[in-house]
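Letters are used for the chains, namely A, B, C and D, taken in the order the chains are written, and counting of residues starts over at 1 for each.
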Amino acid sequence: MSTGALLPNSFPLVMSTNLNAWSDALSELHLFGMPFGLIIIAAIPLVFIALYALTYGVYGERKISAFMQDRLGPMEVGKWGILQTLADILKLLQKEDIVNKSADKFLFVIGPGILFVGAFLAFAVLPFGPAFIGADLNVGLFYAIGIVALEVVGILAAGWGSNNKWALYGAIRSVAQIVSYEIPAAIAILCGAMMAGTLSMQQFNLLQQGEYGFLHFFLFQNPIAWLPFIIYFIASLAETNRAPFDIPEAESELVAGYFTEYTGMKFAVIFLAEYGSMFMVSAIISIVFLGGWNSPLPNIGPLSLNDWTTGPVWGAFWIVMKGFFFIFVQMWLRWTLPRLRVDQLMHLCWKVLTPFAFVAFVLIAVWEIYVK
Amino acid sequence: MGDTQENIPQSGEVIAAKAVWQVINEKFGDAVSELDENPFMPFFEVLKREQWRDIALFMRDNPKLRFTYMACLSGVDYPEERKLGIVCNLESLGELGHRIAVKVKCDREGGIIPSVAKVWKTADWHEREAYDMYGMEFSGHPDLRRILCPEDWEGYPLRKDYQVQETYHGIKVPE
Amino acid sequence: MSGYFRDIGSSITTILTGMGITLRHFFNAVKRKGDAGIDEENYFNQVDGLVTLQYPREAIPTPKIGRYRLYNEIDDCIGCNQCARACPIDCITIETIKATKDDLAVCGKTSGGQQKRFWVPVFDIDVAQCMTCGICSAVCPTECLYHTQVSDFSEFSRENMIYHFGNLTKLEAEAKRKKLEEEKKAAPAPKPKPKPAPKTEPEKGSQ
Amino acid sequence: MQELGKAEHSSVRVTPKGDNRVIIEKDISSEEMILNMGPQHPSTHGVLRLECKTDGEVVIEAEPYLGYLHRCFEKHAEMVDYPGVVPFVDRMDYLASMNSDFAFCIAVEKLLDVEIPRRVEFIRVIVSEFNRIASHLVAIGTYAIDLGAFTPFLFCFRDREHILNLLEWTSGARMLYNYILIGGVAYDFPEGFKERALEFVKYFRPKALELQKLLTENEIFVKRTKGIGMMPADVAINYGWSGPMLRGSGVEWDLRKEDAYSIYPELDFKVCVPDGRFSDIGDCLSRHLVRAMEMEESLNIIEQSLEMMPEEDGFDPRAAIPKRIRPKAGEVYGRAENPRGELGFYIQSDGKSTSPLRCKARSSCFVNLSAMKELSLGQLIPDLVSIIGSIDIVLGEVDR
């Protein structure tokens, strides 16, 4: 459980063995008396969200959905339509920024802002590999769950401020949904915290480290962990308003839900926030249950695959890949399933997921005390 | 009627319609006209149109008739008779399977026909449409408004003497 | 209670079935159906994989019978006006001038060998209005009016959607009209025959 | 007369019931809100406007407003001659033009005295059954979209595309065919049509099965549709429902059997009614199932009629078309089974002119939609969407 398992004898920074070596070094960087390094630390998740949302989020989703539906998807801008999202962003930038006359201007403007900030703030505790984390809080997980829920405020502000009945419906539905699904999600995550005995994100990763790769992940160490894993995954779909729980933006019922009235860049920001929180929940689930930035490859005799694929850069690679995998599953579900109804959604939350989460909680506690 | 397959049920249709008409004639006497043995659409006319709703209800509920299904209700203009009218194609679903058409006529200006919207719900919107297109009133209709044209449209478009209005809310009406 | 668990069970199995189907399509995306036309043998050869085409560059060919843009072969047109009368939406406008006797040779014959008796200075088709029903081409006695396979003919201006097929310019038409007047004056009313052509071979076009 | 009033109401009442219905506690109800659904709304399938009185998510009442797509079909029909009406008929139910043409031609042919060649009848049946599949595919696909599943929609459209290609190959147009003419059809089948059509049947069966697995059997889909929008059989008849809607309520009534027009009596097919094992009879799921089953039946019909169709060299499908269509004076009500129900034409001819004196189109969607107000009572907004989707309206036909 020590950091010594990381690659030894490397360059002091690039291949640092110390936990959080890059972010610590950066935070001490001052230029002209300004905490320049901190700005970089803050900028890295921002750049990451933007880049990932541009490439994998929007373009990937469009391509994945297209392939699942026997279509080609975007093909015109660039080879295989790779630059399609850039073109879309350019289009959105040029669009007129309409604030309708009867809207509550303050709420209308601040809504997407809160949404984005909520999604973005959670990235502060997200470890991009062993060497980089925005802030290694000892309550990192708790913070992440809490701050993602800030989105509710943004959605409500956007929906109410739009002064549109559809937007209002969308916002109310969304708030009810997110607040409800916090409970099974939190309990499921608590199961993970119980297995780890910590709330610090980096500690989670360290605890799941080992030469047998994926066998050290909580999901494979504890058979009961599958239950909270699935519960959290389902709840995270609801929290990020993804299908089959996309009833707040149900396009066939509520036109576009809480962002019906948004145009141009504000619309783009809402989208960015959605993709941001999609990655956030995917990263949380992979940290808590699937070893975060640890390599899933085991050492098999002379093939020390695990050692070869461990390191600061590899760590970043693994966590991003795991996040992307869960995002793929989210997209996959979205392009397969119909949408639930409002009351069925609540039924699923309160009558299925929450009891099962409690059961899982108890079972895990029993396992931790008596079996382990 | 060239098609042989269609010929056989057609002639049977007229016979069945005749039996139906006799039942109605027994009950209502001279309120209904003679049966027109049109091979494609045997029909009779309701001469006393105040009784149309009673006839309709009788046709729906009498066990010998059971015209449960109204296929169509069309408004018609009869300019040479100075009348407007409706033609109802009725049918009995199930083992009886007979069908007949009923005509009801009213005056061209301010004509009133009793509504059968409560007898057959189909008639609800069809009567609204007939009112929209021809302008006859349906007394007792639950919600007699225009249905296809805008509320404030002038005139009744399917009347033979209809003149299209020139502008509608400042928009020129083509032709 | 058993219903509760049965619901959960069937939800999971049906969702997994559905996901299996979409995943199979996802992996089938390396194949493409291609742009085989319906009249080609291999149309149903590739049943999996992507089916869409990048339209302007790739397109499924229109079958020969394709009934799209209306075209008039004016050299064969005898100006009988049947198409304009048959058209349910009146998108064809025809003006004809009777050819004078000495002009008949100039006026020429159709490819079917029928003598043309009319100049057709105006033969306008408003293809923006045309609903490609094919009624006009069915009544055309000389089969000079027909729908082509060109299905994509958008224009930026609506005026460009009116296709002019007339075989005389305005000046020429004026000259012909004058000539006809003179001929009429010269030979007073030699039994005017308003529509000679259409009755000769009606319904030929429909076969 | 008091009895009259009572009797008038006696058979007509929809009692919304079902496992999945939500019971709303009235003490938490608040102010009513008027919600305008449409005319531009993704799930109203065109330009239908529903004025919903809502209490939270619950629709207390939804009043449909029509006429946004009113194109004066009946007036047009009085202006143009009989063959000219057919293209306008095409444009009424633009998803099932062949079937609409068929209905209109049946009506006019009843007035005229024409012998229709046997091969023409087969051609008509085959193309209209193809079009029925295409139309049901749209119905099922858009229903999937209404319920939030996008992929089945595109699968449906992928398969519909093949049908459109087949129909374009034989008729020259993709959507608005003007193919079935009064007394005949426009063209004979092209060379090789039979083989391609059979290939399509072979291709489509597994795809329909896949669609069934992906959509119809999906638990979420079942939960969204089962027990929603219940319509008892007697009320459905009283509303004049027809086609898949009426059969969804368990009434075995199909004009192809009842009227036995064209060559349908010679063909072996069954009238699809739900058996109540998967759905509550009369709910949205039943209607969906009927459509899915009818596609299978249409495939059977196509196979049979392709086999039975008499082959004739140099066959002229227009031979029986009268030179001048001027029916004798009279009136007729002709109808055919459209994918959406009974499409009937009441035609009145004065025997003098070549255009009808009166041509009333009894459109199936118009009648089916008229039950919307009653069906929507006390439903949730998502259920309202589900109900509209299951009615499968084509606004072109509703408004004519």
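Heads up, the rule we're going with is that contacts are C-beta pairs under 8 Å (C-beta built on N, C-alpha and C of every residue); 3 or more make two chains touch, one makes a residue touch a chain.
Please read these numbers as outputs of a predicted model, since none were measured by experiment.
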item: Most widely separated chain from chain C, with each centre as the mean of CA atoms; value: A
item: Chain occupying the middle, per Cα centroid; value: D
item: A-D or A-C, whichever has more C-beta pairs in contact; value: A-D
item: Where chain A and chain D are represented by their mean Cα positions, the distance between them in whole Å; value: 45
item: Intercentroid distance (Cα basis), chain C paired with chain A, Å; value: 55
item: Whole-Å gap separating chain C and chain D, where each centre is the average of the chain's CA atoms; value: 29
item: CA centroid of chain B to CA centroid of chain D, Å; value: 23
item: In chain D, residues with contacts to at least two other chains; value: 151, 158, 214, 218, 220
item: Of all residues in chain C, the ones touching two or more other chains; value: 15, 18, 21-22, 51
item: Touching two or more other chains - residues of chain A; value: 68-71, 335-337
item: All touching chain pairs, where touch follows the definition stated at the start; value: A-C, A-D, B-D, C-D
item: Complex contact set, residues of chain B against chain D; value: 1-3, 5-6, 9, 38, 40-41, 43, 53-54, 57, 61, 68-72, 74-77, 87, 89, 93, 97, 101, 118-122, 124-126, 129, 133, 146-150, 157-158
item: Footprint of chain D on chain A - complex, ascending; value: 65, 68-71, 165, 169, 243-244, 246-247, 250-255, 335-344
item: Partner chain C, residues of chain A touching it in the complex; value: 64, 66-72, 75-76, 332-333, 335-337, 351-352
item: Parts of chain C lying in touch with chain A, wherever the complex brings them together; value: 4, 8, 15, 18-19, 21-23, 25-26, 28-29, 49-54
item: Touch list for chain D against partner chain A, complex; value: 20, 22, 33, 35, 41-43, 57, 144-151, 154-155, 158, 214-215, 218, 220-221, 223-224, 380-383, 385
